[in-house]
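Naming follows writing order (A, B and C), and every chain is counted from residue 1.
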Amino acid sequence: MEMFEVLKTRTDGQVLFAAIDNPPINLLGPALVRDLVSLIRILDKGDTYKVVVFSSANPDFFIPHVDITKIAEYREIAAQLVGEPSLALLFRRLSETKAITIAQIAGRVRGAGSEFILACDMRFASREKAIFGQLEAAFGQVAGGGAIQHLTRTLGRGRAFEVLTSSNDYDADLAERYGWINRAIPDRDLEDFVDALALRIAKFPHQGLMDIKERINAISLASVDDLRKDSELFGRATQFPETKERYKKIIGLGLQQYGDTELNLGRVLGEF
Amino acid sequence: MEMFEVLKTRTDGQVLFAAIDNPPINLLGPALVRDLVSLIRILDKGDTYKVVVFSSANPDFFIPHVDITKIAEYREIAAQLVGEPSLALLFRRLSETKAITIAQIAGRVRGAGSEFILACDMRFASREKAIFGQLEAAFGQVAGGGAIQHLTRTLGRGRAFEVLTSSNDYDADLAERYGWINRAIPDRDLEDFVDALALRIAKFPHQGLMDIKERINAISLASVDDLRKDSELFGRATQFPETKERYKKIIGLGLQQYGDTELNLGRVLGEF
Amino acid sequence: MEMFEVLKTRTDGQVLFAAIDNPPINLLGPALVRDLVSLIRILDKGDTYKVVVFSSANPDFFIPHVDITKIAEYREIAAQLVGEPSLALLFRRLSETKAITIAQIAGRVRGAGSEFILACDMRFASREKAIFGQLEAAFGQVAGGGAIQHLTRTLGRGRAFEVLTSSNDYDADLAERYGWINRAIPDRDLEDFVDALALRIAKFPHQGLMDIKERINAISLASVDDLRKDSELFGRATQFPETKERYKKIIGLGLQQYGDTELNLGRVLGEF
């Protein structure tokens, strides 16, 4: 198997288990984007894996958000696969690849972390340990990696507005009630539940699974144009003085470090 | 600030709190439509308010429905803003204005009252005191102010069919489970919850909030053509003999008055 | 009234109650499809029934799936009404007919059984006795009768993926949380609840109900092209060697008979 930088992988039959392990807090930066590009290229072949399970090696963070000091850099890496510097289009390509993808979530998934799990085919989360948020509004930005598209279609207009404009934290029970995830599962049962589901699906014929995937995607995936638009709005705002100032301020408060600000970011942004 | 006829307003920074106060029962008639036209014109400027919270000054009624004796009249007032006599198009304009709108609901929201809150960006309701209904089917009419569009997209086909054909009352817990509202909140906590959310959102940059709004609306708002069609079907039915007869009968039973018929309209319509 | 083969009917005013009674296990085969064709022709006239309630005469099975030994045969019967051999298009015609349709569900609804209830306008299920499943993935097939279209739109992308690729059983509470059904109702209350709702709706003017139905359908029904595509993918797979082999194996295990395999099909398919 291709070696990954920050994905720790193991296989069980045609199921690939990939744990994100990018200390200190699993930021989505160049290393993880490089790994995703490599992984999608493997999965696109459709000959090795039927199912992929993504989890985190870090108990507090799944993916807290992008590395805001390396936005241009990871975008360029995404462009190697999708032809333009857009995380939204990279995630769309993940949604289209030839495996069923499952996110097994404990810890924080915020910003592009939430957008990554939304690009997976299913999401199951630790009732006690998963925390969800879209924090872009607090910085004067739109969610540029697909959250607007997925959340509006799945949660409905009102709940999408709340999540996307509040920049607040949501626990797993509320995320389940809103439809952000398939289900909140007691933490002690989560791994067994996802393992069983992944292995079950992997017993079924690949062609049928891919036909189902193609038909669901035809209904539910946003167009490349819509995702490109969101991506460009996000990118444009990174150059706004007010956004830059807020980035600077939150970094001063400890963003991107393992500590109180990252652990309680929803609260911190409300006091901003 | 512009003076309103039936909206009692106060401001806190860039949040406008507007309580509907139109005795005896907060019917949606010419006065409230005039106020909404005025308010949308203020919000469209985008320079004063980031967030608007709508509530009711009446503990039993938020908006029970339109004043069925003044349909032609309030429609003409709506036309002053949207160019045609349609509540659906007025509400669509509200959904597009340059502020985040939140409905804080206690009491009854039925018919166009429900359509008004559906046109807001978010909805939070008193678990004990909010009651929801679309009563048009009982009169041989479609919901003409946008409910068909919003409810079908948000609740899904089956629940939209139930709500729209049953003309029954739904409590806040069921409304939450169906997705009609964001959340049912214990009555004692509702005001504090909404205040905190509104003030939180108002701290974030206006341009980002409006970009998010534009992108959510592009996915979730029904087209002008679809809303016009619903509006015309509603208006056409007001001229049907059976609809007129049912209007007359329900007015004889006490519709539009503060009393048992309005308080328990879901039940009354089932005995119709 | 026209005589049906496997629908046991009674009427109460303008409500038709139709119980499926096709021993041993209510398979969807030529007899039920003939009855549905006859029924749709009656309902299309729009002059006798406002509401139809479908239930099952069998306590364990509502419709467990199609008779997999008679796929070509029942498809040809469907073609007599819709012009092409497709259950998806027959169900779409049911969704468009001139009555409000309600499924009152106890027992198992899997595969095309689930697709039948999804084509009804509303679904209420016994909390204790209803079991739901889409089993096609286990055989290398897509759900060909409309489930992909309905479930993706109503449950959202993630939950649709789970249900459609897991081929597992879901109880009524989870089906309600996912939006597969309107509500799970305690078994002892289910019949009274549905009776009251059906009789209530039947009091309202027919034209208004049909206007509401036309407007909801315009938003929520999949196109004929999309359903035809699903239907063709399902049909094509019936000729795949792997699908044929799995059909043969499951029949050997007792499929289509009243017994453990049919009662616990979700579990059995996981051990396949």
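Heads up, the rule we're going with is that a residue touches a chain if its C-beta (ideal position, glycine included) is under 8 Å from a C-beta of that chain, and two chains touch if they have at least 3 such contacts.
This one's a predicted model, so the numbers in the text were calculated from it and none came from an experiment.
Mostly differing positions are employed by subunit A and subunit B in their mutual contact, as under half of the interface residue numbers are shared between these two copies. Remark: rotation between subunit A and subunit C after Cα superposition is 120° (nearest 5). Distance between subunit A and subunit B, defined via averaged C-alpha coordinates, is recorded as 35 Å.
Subunit C has residues 153 in contact with two or more other chains. By the touch criterion given at the top, residues 100, 120-123, 150, 153-155, 176, 179, 181-182, 197, 200-201, 203-205, 207-209, 211-213, 215-216, 218-221 of subunit C touch subunit B in their complex. Residue ranges of subunit C in contact with subunit A, taken from their complex: 136-143, 148-149, 152-153, 156-162, 164-168, 177, 226, 229-230, 233, 237, 240, 242-243, 246, 270, 272.
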